Structure formats: structure tokens, C-alpha cells
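Okay, got some structures for you below.
Shared between the two complexes below is chain A, which has chain B as its partner in the first and chain C in the second.
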Partner chain A sequence: MQLLINIIVLASIYALIACGYVLIYRVSRVLNLAHGELMMFGAYLVLACASLFAGHPIMALCAAVVLSVVTGALVYVFLMRKMTGEMVLAAILTTVALGILVRGVIVLVWSSQQQYPAQALGISNPTFTLPGDGHISFWSLVLVLTNLAAYGALFGFLRFGRWGMRMRAAGQNPLLAAQRGINLHGVYALAWSLSTLTGALAGILMALDSGVTGSMPVIALKAFPAALVGGLDSLGGALLGALIIAGAEVLLIYYVDPLLSDVVPFLVLVAMLIVRPWGLFGTREELDRV
Partner chain B sequence: MNAPLLQVEKIEVVYKRVITAVQGVTLAVPDGQIVALLGTNGAGKSTTLRAISGFLGLDDAKVTEGSITFEGTSLQNRPPHEIAGHGVVLVPEREKVFPNLTVAENLAAPVVRASKAGDRRQQEERIYHFFPRLADLRDRTGGLLSGGERQMLAIASALMCRPKLLLIDELSLGLAPVVVGDLIRRLAAIRDDLGIAILLVEQSAAVALEIADYAYVMENGRVVLDGDRERLRSHKDVQEFYLGQGNGVGNSDGAVRRSYRDVKQYRRSRRWYG
Partner chain C sequence: MFRPVPRASGYFRTDYAQDMALLQTRAERIGLAALVGVLVTLPFIATPFLLDLACQVFLASIGALSLMLLTGYAGQISLGHAGLIAAGAFTTGILTREINAPFWLTLPASALTGIVLGLVFGLPSLRLRGLYLAVSTLALHFIVIYLGGEYETKRGFSTGILIEKPSLGGFKLTDGRAWYFVLLIFAAATLLICINLLRSRSGRAWRAIHTRETVAEALGISISGYKLLAFVISSSMTSVAGCLFAYYRGFVSIEAFDLFLSIQYVAMIIIGGMGSLLGALLGATFVTIFPYAIEALLKLLPNVQKLAGDIFAVNYASFGVVMILFLVLEPLGLVGIWRRIQNYFLLWPFKYKPLASMRK
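Let's look at the complex of A and B:
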């Protein structure tokens, strides 16, 4: 039972992070390698907001989430916007540079020691015992529910929302989308905001559960195989990929060796790349574009 | 005569800063008229159309000289969505629909220009009226449509932007004559009902001169001939090279027979899909 809960929690973490990669890749073919850093930035924003809104934990959390969305939009407007029309590789390298920059700023401002936003906010993290003798902490539970809500909302938005449709259209044929009056910069900024939002949600909830250090982006790096295994341009694929990676990771840690934790996602990725390089639900033709 | 809806004045388009594709092209599209741009492959027709619609910027090409004026505003080197916002919308030659979106979604994605509540639905109804076939295909994915259906959908989704000027790149390319004839009739109806102007790029002079009020003939990036339909139809060169009619000898049953010896060799060998 505990094993199952661990898998679900870990899968939720990976899935919530992976959908950020997918969103940006789908509309602009850019891999956002700064996703982990932006996620960590969201967690540190909670710390900043905690001192800003002392005594109002909910307001502080909301402020941190809103600020993350703004951060995503700003990253697009001031950085990635200049890269539209350039080579995709150049854009990807830009995100690498951004990631290093964000990491440096975070160490400068908040130091590299482990911090506990939950303490700063003055909220606790009770543990629930589920039937079957499984334990889950309150914030892990929130994370699982947030992940489900996020995927539900994203599916609905992309399927039925007018701007969701436009995002899909821009991903398929940006030129045509622009000529149909769709402002590509608007679509891309929206993708970056949504991606940073989901990433920051994951970062914030993980930080509330177990604190935050400068090494948090490693988790996002492990979520990247989840997006790849599912197929980089498929949201449903990211969800399933996260489940596969988390399942393999938790089971191997339990039955083989805990030290495998950091290796397993990449082992699964390598296996996947050999068997089906475009991922479970990915589009085959997408491959040569990366 | 009033100022035309679209006035293109001596434009020059350069790709990657070195390759000149269009040189000194001047043309005008009056309100509510269908104007055709004729010429062979590589004559610069599509480039001209792309320059007008703003497709160029993303191809590393630029209008370096001349002016493009639409209703008094300059459209030169503006981003495509702004040009669409002014009411100039393009149906490109290739990749003209969103392949993974359904027909209904293809029509829902475009931004309706200057719309009020209800405008979108009204426009949608009009479009299904012009193309009843699309209503049957509502839930079909764009990539699974036949060539003719795809062209219909492309025109329909362009119309969703409520254009004042519709630009169509290669209406007849790759389509069966019967489909082309059908599209021509529908386009004429759309022009009459919606009162929009159409600028049509065509390789097939026969198709273009059936529908256009006025036409320009381009060669090597320049306009070499222009005139209204009747003038071009009766023009000797156009008849020979573009419509495939010659002044051969009529035989007893009235049909015109001609020998290949009589066909005047034009400067370059070329093929016409007339």
C-alpha cells in the first residue's frame, strides 16, 4: 500500500513538471531546459511572499503562484521573444543560460542552505493514515489532487478553449495561424505562463512538503524522461510516462537499491529511445525536429 | 475612379538580403473585384502575395522598395496577424489547413476581425451556407480531407477572419477541373454576397480569365502585361502561350487543327496547366 502511494505521489510530481515541458514544446518546438530552475524559483517565491504577507499563509501562497505566472510571461517577453524565428537550438541554449542565471540568483539571494517555506508560513504538514496502513502527508495529497486538476484543466482548455485551440493551431503551423489573425507572441507567452505555473505549483508543493534547496532542479531533470517517454508533444503521454518512470523508480528502490533513484528515469529513457524513439504517444515526424 | 482597396506600388522583394524575387511590381485591387495574377513557376506571383500578406518576415525576406497600401494604411513588413487584423487574409498554396484540428476547430481558431457578440456565429452560418459540404465534415480532421475539401476549408477558415480582401495562392493547383469549376462558382458567389475583393494567383490562365475582372501577367519578377478580362482573352500572346489556342486552320467540322510546327517557340520552354 505504501509502495502504491509512493508511486502515485512521485508520478504526480513528475507529471506536473513534465506537462510544462510538453506545453512549450508543443507550441514552439523549444525544449525549456530552464524549467527546473523556474520551478525552484516558484518555491523560493513562497519564502519571499511569506515574509511579505506575514500571518496570511493563503495570501502568500496565492501571491507566489501569481508571481510565477508573471515570471513565465516575462521570460517570454524579455528573452524568448527575441529568439522566435531563430534556430530552435539557439532558443534551447538560451533556456540553458536562463537556468544557470536563475540558479545563481537564487543562491545569491536565498543562499544554498535548505529552507522550509512551510515553517516560514507557519503551517503544518500533518500525515494521514489511509486504509491498508499507508501514510501520506497533507501536502503530498494536495500535490496529487493539484496534478489531477491541472491535467483536467489543461485537457479541457486545449480541447475546447478558443485560445487552447489557437495554441494547438500555432503548434501545427505557426505561419498559417499568424495569417488567421492569431498573435503568435500572445500564444507563446500564454504557453510560457501556463508552463511556469504548473512547474511552480509542483515546486511550491514539494517545498511545503519537504523544504527546498538549490538542488531542486534535479527533480525536474528526472521528470524530463517522463515527458520524453510519453512523447514530447502529448499531454496524455506525459501523464503515462510519469507513471511509468515513477513506478520503475519506486519499485527498483524498494527491491534493489535506493542508490538507483537518480539513475532509473534515465535507464527507462534509454530503453524507450531504443525501442520507440518518438515516445508512446508522440508524433513520429516530430523526431527530426529536435 | 476612387482609390483602389489595395495598391501595390513598385515593390521589390529580396530574400536573405541577396536574392531578388520581385522587381518593381505595381498592381491594384479595386473594391469588390476579382483580380488575377498569372505567370509561370518562379515568376514571383507567390512572393508578391506573401509580401502583401506579411508571410515574408518569417522567410527571411523583406520588401526593400516600393509601397503596399491597403485602405490608406501601409502594410509593408508588418507581422501577419496585424495584416489579417486589417482585413487582408491569405489562403496559402501549401499547408493551408491545420491538419490535426477538426473542420469545426479549423473554423473556430481564426480571430474574427472587429467582432461583436454573435458575429462569429453569423459568419460561421454564412460559411456553411457557401460550403454546405463542410457542415457534413464538421468533426473530420483537417489532414484527412481531400484536396478539394481542403481548399474549401482553407477558404472558409480565411473567411472566418471577415476579410475585406482575400488572397488566394493557386486556387486550381492539383485539383480536378470539375472541382475547380465548382470553386470558381462559389468564389463568385462569395464576392457578390460578402462584397469582398479577391486577389488570385493562378498558373492556369483559363481558370483565372474565367473569373477575374482584371489580370496581371508576371514573368521573371516583373509585370509584363495587364488588362481586363476581355483584353487579355483577345490578346494574341495570351491566347497562344497561356490558353493554348492558335490561329491554326479550321477544318471541315469546325475544329481547329494545328501543327506543332506552327507553335511559336517562346523564349524558354515552359508548360502550362491550362
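Let's look at the complex of A and C:
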């Protein structure tokens, strides 16, 4: 039972992070390797907001979420906008460089020691006991629910929303989309801010659950295989991919070797790249487009 | 390809021997002689710190040149370069630790590891391109690092493996000056290998594959063969760099080969300038010296004590900024700047080449 809960919580973490990769990739074919750092930035924003809105934890959390959305949009407007239409490698490396920059700034401002935003906000993290003798902490539960809500909202938005439709159009064929009067820069900026939003949500909830250190981006790197296993351009795939990766990781750690933790997602990734590189639900043509 | 001295007027070759010569004009010969002179006298006047810096530059150059071969010329993106360096270093570490192997055994063994890993890293490239290939090399990097870490913990070297300085023919390499020359020779040899590879059949095949795979295949180039060849050659040279690194440091630990090192190598070829061996050298020099330059600059500021703990973070952040600036403002890298300076003097007092005689 505990194993199952662990898998579900880890899968939610991976899924919530992976949908950020998928959103940006699907719309603009850019792989955002700074996702982990932006996620960590969201978590540290909670710390900053906690001191700003002392005594109002809800206010502080909302402010941090809003700020991270703004961060995502700013990243696009000031940096990635210039890389639109550039070589794939150049765009990826720009995100890598951005990640390095963000990480350096975070260490400069907040130091690299472990910090606990939950304490700063003055909120507790009670543990619930579920039937079958499983334990789950409050914030992990919130994370699982947030993940489900986020995926539901994203599905609805992409399917029925006006901007969601524009995003899908831009992803399918940017040139035609632009010709039909879709504001590509607007769509890309929206994708970046949505992606940063989901990433930051994951970062914030993880930080509330177990604190935040400078090594948080590693988790996001491990979530990337989840996005790819499901198919980089498929949102539903990311959910399933996260389940597969999390399941493999938890079970292998439990039954084989704890040291495997960092490498399991990448083993699954390599296996997937050999068997079906476009992912479970991805489109096959994807491979030739990049 | 690697023309340090520009030619203002037309220089015409009249036979194949001239065409094949590495040094074609007197200016080039004089330039090379001067460079060799400077490089040979440098260790006798430099401080130990500068000597160490030069050695690091040479080591980085080997890695950057081999990555340039793979990414800059053959067009195969690799984010797993640190994994290959780690493989070479660990092969050396394990062999010296387990069977007390000498230098002349560990070096070829590292190259062999590189060849095998090159095949492994290269196999995905037969099916994948661009971003997907980058991701697969990234994954392989983590797997290599995991294997190294596993060895460290299982054998009880959890802090790292100590390696004795090697001896060459009864002469122990402990002196910084001796190391300088060894690394210089290795770097120069790598450069020579790269130059010769690139102006032969394989180099032309790589460039054709880089430009357009379909056309290259139609021309009769074996795509899979040459892709694998690029990976194998590049990674064996990288592993040799790893072996030298292990001996030079006298210590191997898995922490030294994290993803950041891969990124640094990619940064070297980006900052230096894609598709140019000179760029790889310039980039390796720039990226290696960069943290020391930042540190020196920080020391000039007031309140040094307060900043002392943050030097690492400042380094990190400014490295990110420099990388972004190069990617956005100067995609051709340092070589691009260098060419522009050359052209300015070559064309002076004009600004642009006349269209009719446009040639690269």
C-alpha cells in the first residue's frame, strides 16, 4: 500500500513537471532544459513572499504563483523570443544557459542550504493514515490533487479554449497559423507562462512538503523521460509516462538498489528511444521535424 | 579550416603537393614558429598557477576539439561529453587501482573504452536526429556516471580514487613543467589528427552528412558508417583526455563529471564558434580561464570578505549570462569576431567584399 502511494505521489510530481516540457515542446518545438531551475525559482519565490506577506500564508502562496507565471512570460519576451526560428541546438542551449543563470542567482540570493518554506509560512504538514496502513503527507495529497486538476484544466483549455486552439494550431504549423492571423509570439509567451506555472506549482508543493535545496532541478531532469516516454507532443502521454517512470523507479529502488534512483528514468528513456523513439502517444513524424 | 593568417592577395597553388601542405605560405611558417617558441618558453617563465592554468587549457582543448569534430562538423549533437571523459578517467582509475597498470597500458585502455562507448553513444544516432539524439546522449551520460558511482561505493572508494603520478621510461611525471609538455604534445597531436581527418574523405563525408543527409546518401556516403565513425573517433579522443585528466589531478571522483561539465564543453564550442577547430581552441581557453577571471575581478571590488562565499554562485550566474550573450548576439562565436577583425583589415578601406569575387 505504501509502495502504491509512493508511486502515485512520485508519478504526480513527474507528471506535473513533465506537462511543462510537453506544453513548450508541442507549441514551439523547443526543449526547455531550464524547466527545473524555473521550478526551483517558484519554490524560492514562496520563501520571498512568505517574508513579504508575513501572517498571510494563502496570500503569499498566491503571490508566488502569480509571480512565477509572470517569470515565464518574461523569459519568453526577453530571451526565447530572440531564439524563435533559430537552430534547435541554439534554442536548447539558450535554455541551458538560462538554467545556469537562474541557479547562480538563486544561490546568490537564498544560499544553497536546505530551507523550509512551510515553516516560514507557519503552516504544518500533517500526515494522514489511509486504509491499508499507508501514509501520505498533506502536501503530497494536495500535489496529487493539483496534478489532476492541472491536467483536467489543460485538457479543457487546449480542446475548447480559444487560445488553446491557437496553441494547437501554432504547434501543428507555425507558418500557416501565423498566416491565419494567430499571434505567434503571444501563443509562445502563453505556453511559456503556463509551463512555468505548472512547474512552479510542482516546485512549491514539493518545497512545502520536504523543503527546498539547490539540487531540486535534478528532479525536473528526471521528469523529462516521463514526457518523452509518453511522447513529447502528447499531454495524455506525459501522464502515463510519469506513471511508468515513477513505478519503475519506486519498485527498483525497493527491490533492487537504492542507488539506482537517479538512473532509472534514464534507463527507461534509453529503452524507449531504442524501441519507439517518438513515445507511446507521440506522432511519428515528430522525429523528422527537429 | 584552420588558417591562422589571412591572405590579402590571391595565393594560387600550382600543384597537388602545395595543395596538401599544412603550411603553405612563409607567413604561416613564421607564425607557427613564433607560436611554438612562445609555447616552449612559457613554462620557464610562468608561475605555477599559470602553468596549471595552461595545463587545464590543453586538457580542455582535447575535449573541445573532439566535440567539435562530432557536433561542429558531423552535426551530431552530444550532451554526454562529460560521461565520456568520466569513462576515460575511471578506466584509468580502476586499472591503476585493481591491477596497478602503468601509463602505457591505461592510455590505450581508455581509448578502447572510448571506442566502445562511442559505438554505444553513436547507435541512437542511426535512428534519431537533433533533439532526440541530444536527449539520448544525455541519458547515456547519466548511465555512465551511475556505473562509475556504483564502482566507487561497492569498492569502498566513496570519496574518490587516488591515482599515483605515472612514470614514463623511469621518469616520474610529478613536475608541473613536465606535465605542461606532455599535455601540450597530446593537444597538438589531437589538433593534427583533427586537421587531417577533416581534409580527408571522412571529414568531407561528415560535412556532407551535416549539411543534408539525403543528398549525402545519394552521393554514396555510408551515413550510418560515418556517423558511427564520428562518434567513435570523438569519444576515443575524449576518453584519452579523461585518462590524462585522471593522472594530472591524481584523483578521480564522480562529482567532477556532472552535467555541468558537459554543458561547459558544449559552451566551449558555441563560444568558440561552430564548425571551426580554431574556435574549439579559443572556446576551451575562454571557458577554462573564465572562472579565474571572474574571481580576479571580484577581488578588485570592495567588501571582498563578504563576497568570498558567493564566488561560486557569481561564477555560475555570469557563465550563464556569457553563454546567453554569445548565443543571442554572436552565434558565430569568438571565431566570428576574429574573422570580422581580419576582414576589416583585409578589406580596408572598404567595408564589404566585392560581389563578383565572393569566396569563402
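Criterion: the second predicted complex is superposed on the first by the 288 of 290 C-alpha atoms of A that agree within 3 Å, B and C clash if a C-alpha of one lies under 4 Å from a C-alpha of the other, contacts with A are read in each partner's own complex, and residues count from 1 in each chain.
Quick note on the criterion: a contact is a pair of C-beta atoms (placed from the backbone, for glycine too) under 8 Å apart; a residue touches a chain by one contact, two chains touch by 3 or more.
These numbers were taken from a predicted model, which means no experiment stands behind them.
Peer 1: Assess the superposed three-chain arrangement around chain A: do chain B and chain C clash, or do they fit?
Peer 2: fit
Peer 1: Of the two partners chain B and chain C, indicate the one touching more residues belonging to chain A.
Peer 2: C
Peer 1: Taking the superposition as given, does A:Ala178 touch the first partner, chain B, the second, chain C, both, or neither?
Peer 2: A:Ala178 contacts chain B only, not chain C.
Peer 1: Tell me the contact category for A:Gly85 with respect to chain B and chain C: first, second, both or neither.
Peer 2: A:Gly85 sits against chain B, while chain C stays out of touch.
Peer 1: First (chain B), second (chain C), both or neither: which does A:Met165 touch?
Peer 2: So A:Met165 only meets chain B here.
Peer 1: Can you give the closest approach of chain B to chain C, taken over C-alpha atoms and in whole Å, for the superposition?
Peer 2: Least C-alpha distance: 10 Å.
Peer 1: Which positions of chain A sit in both the chain B and the chain C interface?
Peer 2: Shared contact residues on chain A: none.
Peer 1: What does chain A use to touch chain B in their complex?
Peer 2: 85, 162, 165-166, 168-169, 172-184
Peer 1: Please name which positions on chain C make contact with chain A in the complex.
Peer 2: 71, 77, 124, 127-132, 134-136, 138-140, 142-143, 145-146, 149-150, 153, 259-260, 263, 266-267, 270, 310, 312-321, 323-324, 327-328, 331
Peer 1: Where on chain A does chain C make contact in their complex?
Peer 2: Residues of chain A touching chain C: 31, 79, 82-83, 86, 88-90, 92-94, 96-105, 107-108, 112, 221, 224-225, 228, 259-260, 262-263, 266-267, 269-270, 273-274, 277, 287-288, 290.
Peer 1: For a test of understanding, state which residues of chain B touch chain A in their complex under the given definition.
Peer 2: Those in contact with chain A are residues 53-55, 57-58, 79-81, 83-85, 89-90, 92, 95-101, 105-106, 108-113, 157-158, 160-161.
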